[in-house]
Amino acid sequence: MTMDRPFSHVNAEGELRMVDVSDKPPTRRRAEASCLVVTSADLAELPAREDGLGARHAARVAGVLAAKRTDELIPLCHSLALSDVDVRVTPVEGGLAVAATVTATQRTGVEMEALTACAVAALSLVQAIGDADPAAHVEALALDAKEGGRSGAWGRGVPGAP
Amino acid sequence: MTMDRPFSHVNAEGELRMVDVSDKPPTRRRAEASCLVVTSADLAELPAREDGLGARHAARVAGVLAAKRTDELIPLCHSLALSDVDVRVTPVEGGLAVAATVTATQRTGVEMEALTACAVAALSLVQAIGDADPAAHVEALALDAKEGGRSGAWGRGVPGAP
Amino acid sequence: MTMDRPFSHVNAEGELRMVDVSDKPPTRRRAEASCLVVTSADLAELPAREDGLGARHAARVAGVLAAKRTDELIPLCHSLALSDVDVRVTPVEGGLAVAATVTATQRTGVEMEALTACAVAALSLVQAIGDADPAAHVEALALDAKEGGRSGAWGRGVPGAP
Amino acid sequence: MTMDRPFSHVNAEGELRMVDVSDKPPTRRRAEASCLVVTSADLAELPAREDGLGARHAARVAGVLAAKRTDELIPLCHSLALSDVDVRVTPVEGGLAVAATVTATQRTGVEMEALTACAVAALSLVQAIGDADPAAHVEALALDAKEGGRSGAWGRGVPGAP
Amino acid sequence: MTMDRPFSHVNAEGELRMVDVSDKPPTRRRAEASCLVVTSADLAELPAREDGLGARHAARVAGVLAAKRTDELIPLCHSLALSDVDVRVTPVEGGLAVAATVTATQRTGVEMEALTACAVAALSLVQAIGDADPAAHVEALALDAKEGGRSGAWGRGVPGAP
Amino acid sequence: MTMDRPFSHVNAEGELRMVDVSDKPPTRRRAEASCLVVTSADLAELPAREDGLGARHAARVAGVLAAKRTDELIPLCHSLALSDVDVRVTPVEGGLAVAATVTATQRTGVEMEALTACAVAALSLVQAIGDADPAAHVEALALDAKEGGRSGAWGRGVPGAP
């Protein structure tokens, strides 16, 4: 991995700019991202409890809405009409797994949209459990895979690898 | 830590609701949060390079703006007039440390605002370096300390402890 | 009911303006609003069905978020920090009842916030059932009661009356 | 009308999701919606009065702006670039009629955009007359017609029919 | 006028930050700003023409809405609950004068809110006349006066002076 | 220049409406706009000072973000997916020059997006220097050139000409 071009959105003078995508054709893009809300063991029972449904659904809604507003949050993201956003919340050992899949037919990728959906969904869960567990936090907020565009498909590789 | 009241924003029927803060007096609140953008070693040179300033400043601006819009992103957060938001980006071993401090004189705390500032600033950095390092990701997005309000001061404890 | 002052937000020249609330003290305000999503009878079974929970929760979240952004939607509404927003969706004869209660300690009332919460929650339900029932629509979107402020408490009167 | 698939935006597990429109071609879509602001008879004189113009124009502007932000309000709506939004306010027996027509060349319909424009324009009028008539409310917020897309044209049918 | 402290929102390291206003008491603030939309002489007839009312009202509504969202546009502005926003559009020699007055009881001033209201109202007028006069532009977007706060009242001085 | 059709976004009744662009093909559009932040001479040293970098970068970020939200600010602007936004801040005799270039492949032009980027970037600079120079203001906020679309290329003409 070379760092000759460390910041793709910065020009030669170190000034910020969007990347001009005018000349790229719209193609189908897909990105998957995920993260983990780390909290106490009791939360593993979440899906079996009626009172957990509200918080889980709210996190999913918050994630979907945030994906659609990524361009308002991340300064140099393009405004993209997303074809599909799916956010999932699943209890796992040590907390709650959050995953998002975003699809669009656009001139640029949807990686940041998937990451933003995960981040906001995870923070919604952190808020819901914050009174009971102020140490709840988010780990491993990362892109898992992307497809489409000039650079082609990319995956994080074998499970557990960075 | 007890989980008898796992979701503070959910009523007895498991339905979502904001927490009514009408009866709480406005007091000074402060929260600190942080996270780490994990990337390749070359980025440790960021602050010494002219072309890194744009991305670092953009991340700070994105974090400040996001803190002010936390109520639009996290469904059950109250709209809070923040007195101060400060976001810092610092190169560290293994990547870039992001930290945010938020202050307000309000009826409820500003923990989520500090976490949101960190998350969005970190994702702005992830975008800036995404072409060079698609494996860049965010770790340890967590509340570090809070002050003010009925529950009083809280800290994550000894430095480095989760 | 007199119409001598038909538009409280319009000056003598018929030009729009916000109502200056600088001289009013902040007091506790509360407003209740409701509406009905009219749809086919089958939807009365909603709460007993697992697949209805998502749509009901999403509508509640959408209503809460919209209440907090009323000032961005209704041009002459003041920006108000709401203490509490609660949105409820209940199956009734002929469809789904939506109700919202909003509380705040402010210089002006929260009637529009409660109405906006109901409208957006109801439209979220209309969207969810739109493919199955394009004739689904919203009736009786109205303020039911308000408390606080100079004009005091007001209610729509006897139950069932318009 | 069958309810076998009551919620088009909910998957088999009852979890929320957007409908993936990636495989649909963009086609010209058009939707008409309307509602009625019910208020006292005096308002029938609205258009003949100079001081009514401001409120009417503000409602139209509010409706147009809201249509463009439907995706931020209704969780599972796609972000759509609208070609045209027209909102009309007309005095009628018993109040003020609000109508909206929305056009776009997109992969999905603009029904929710037309409904949202009507709802927000109507609530703007309710606010303007709220001091004089707190009982003012909204009735019959409904889709009237839609064109375009796989399901083709649909209309509410004979005038007055639900 | 000294420039020893040229950027009030930048710390000693030249990094951006909001100004902490926690220790300031809320006091009544007022700001007036104005600008001029320069266009051809024919527009001086605007208020006498029926077809000009729509554009003038739309500009006023756009200005009021923008004032309320100043904190989303200007990175280091605080979120302020405004008590009153009034935007005026008046035909003058050489074009259309736009003026805004903003009032609030807050810990910081409302200068930026008044300037933002003027800028957005003026650009709305520029858009409306853009097809007929693409050379239409905005001059003299400036603060005219402010009251309240530690620094006290300030005015641009004798009429006509820059 | 004729004023027979002074307001392109107003129908024959003087009522506001968007311009229907459904029948126009998407073509590449480009617009350049600029303005001047007038302030004291000391600011000419801005780029040579470390403590000026933050304010300049913040203004650029604010301008880029604002361009993407033009449709939320200017009532009758269409929502446009922009391909590229570049905002520049340069010290000049008498203050700071702000320039913006916006590109998109759309059914309508991006003039308003370029103007909005300049206006918000300039106001961000005005805020940053407001404590030191409350008389700082914005002049000559204007479209400089546009390309693409039915009406073809347009430029303000010889340098310095209005």
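Each chain gets a letter, A, B, C, D, E and F, in the order it is written, and its residues are counted from 1.
In this section, contacts are C-beta pairs under 8 Å (C-beta built on N, C-alpha and C of every residue); 3 or more make two chains touch, one makes a residue touch a chain.
On a predicted model such as this, the values are computed, not experimentally measured, just so you know.
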*Each chain counted as touching chain A and chain F at once*: B, D
*Could you check which of A-F, C-D or D-E has the same interface as B-F, with more than half of the contact pairs identical by residue number?*
D-E
*asked:* For chain E versus chain F, which are copies of one sequence, does the interface use mostly the same residue numbers on each side, meaning over half shared, or is it different?
replied: same
*Intercentroid distance (Cα basis), chain C paired with chain A, Å*: 32
*Could you tell me which residues belong to chain F and also touch two or more other chains?*
15-16, 53-54, 57-58, 61-62, 65, 75-76, 79-81
*Pairs of chains in contact (touch as defined earlier), listed by label*: A-B, A-C, A-D, A-F, B-C, B-E, B-F, C-D, C-E, D-E, D-F, E-F
*In the complex, go through chain A and note every residue touching chain F.*
15-22, 71-72, 75-76, 78-81, 106-107
*Would you tell me which residues of chain D are touching chain C in their complex?*
1-10, 12-16, 35, 38, 40, 42-43, 46, 49-55, 57-58, 61-62, 65-66, 73-77, 111-112, 115-116, 119-120, 122-124, 126-135, 137-143, 146, 151, 154, 156, 162
*Contacting residues of chain D [partner chain E, same complex]*: 53-54, 57-58, 61-62, 65
*Would you mind writing out the residues of chain C in touch with chain B in their complex?*
28, 57, 60-61, 64-65, 68-69, 79-86, 88, 103-105
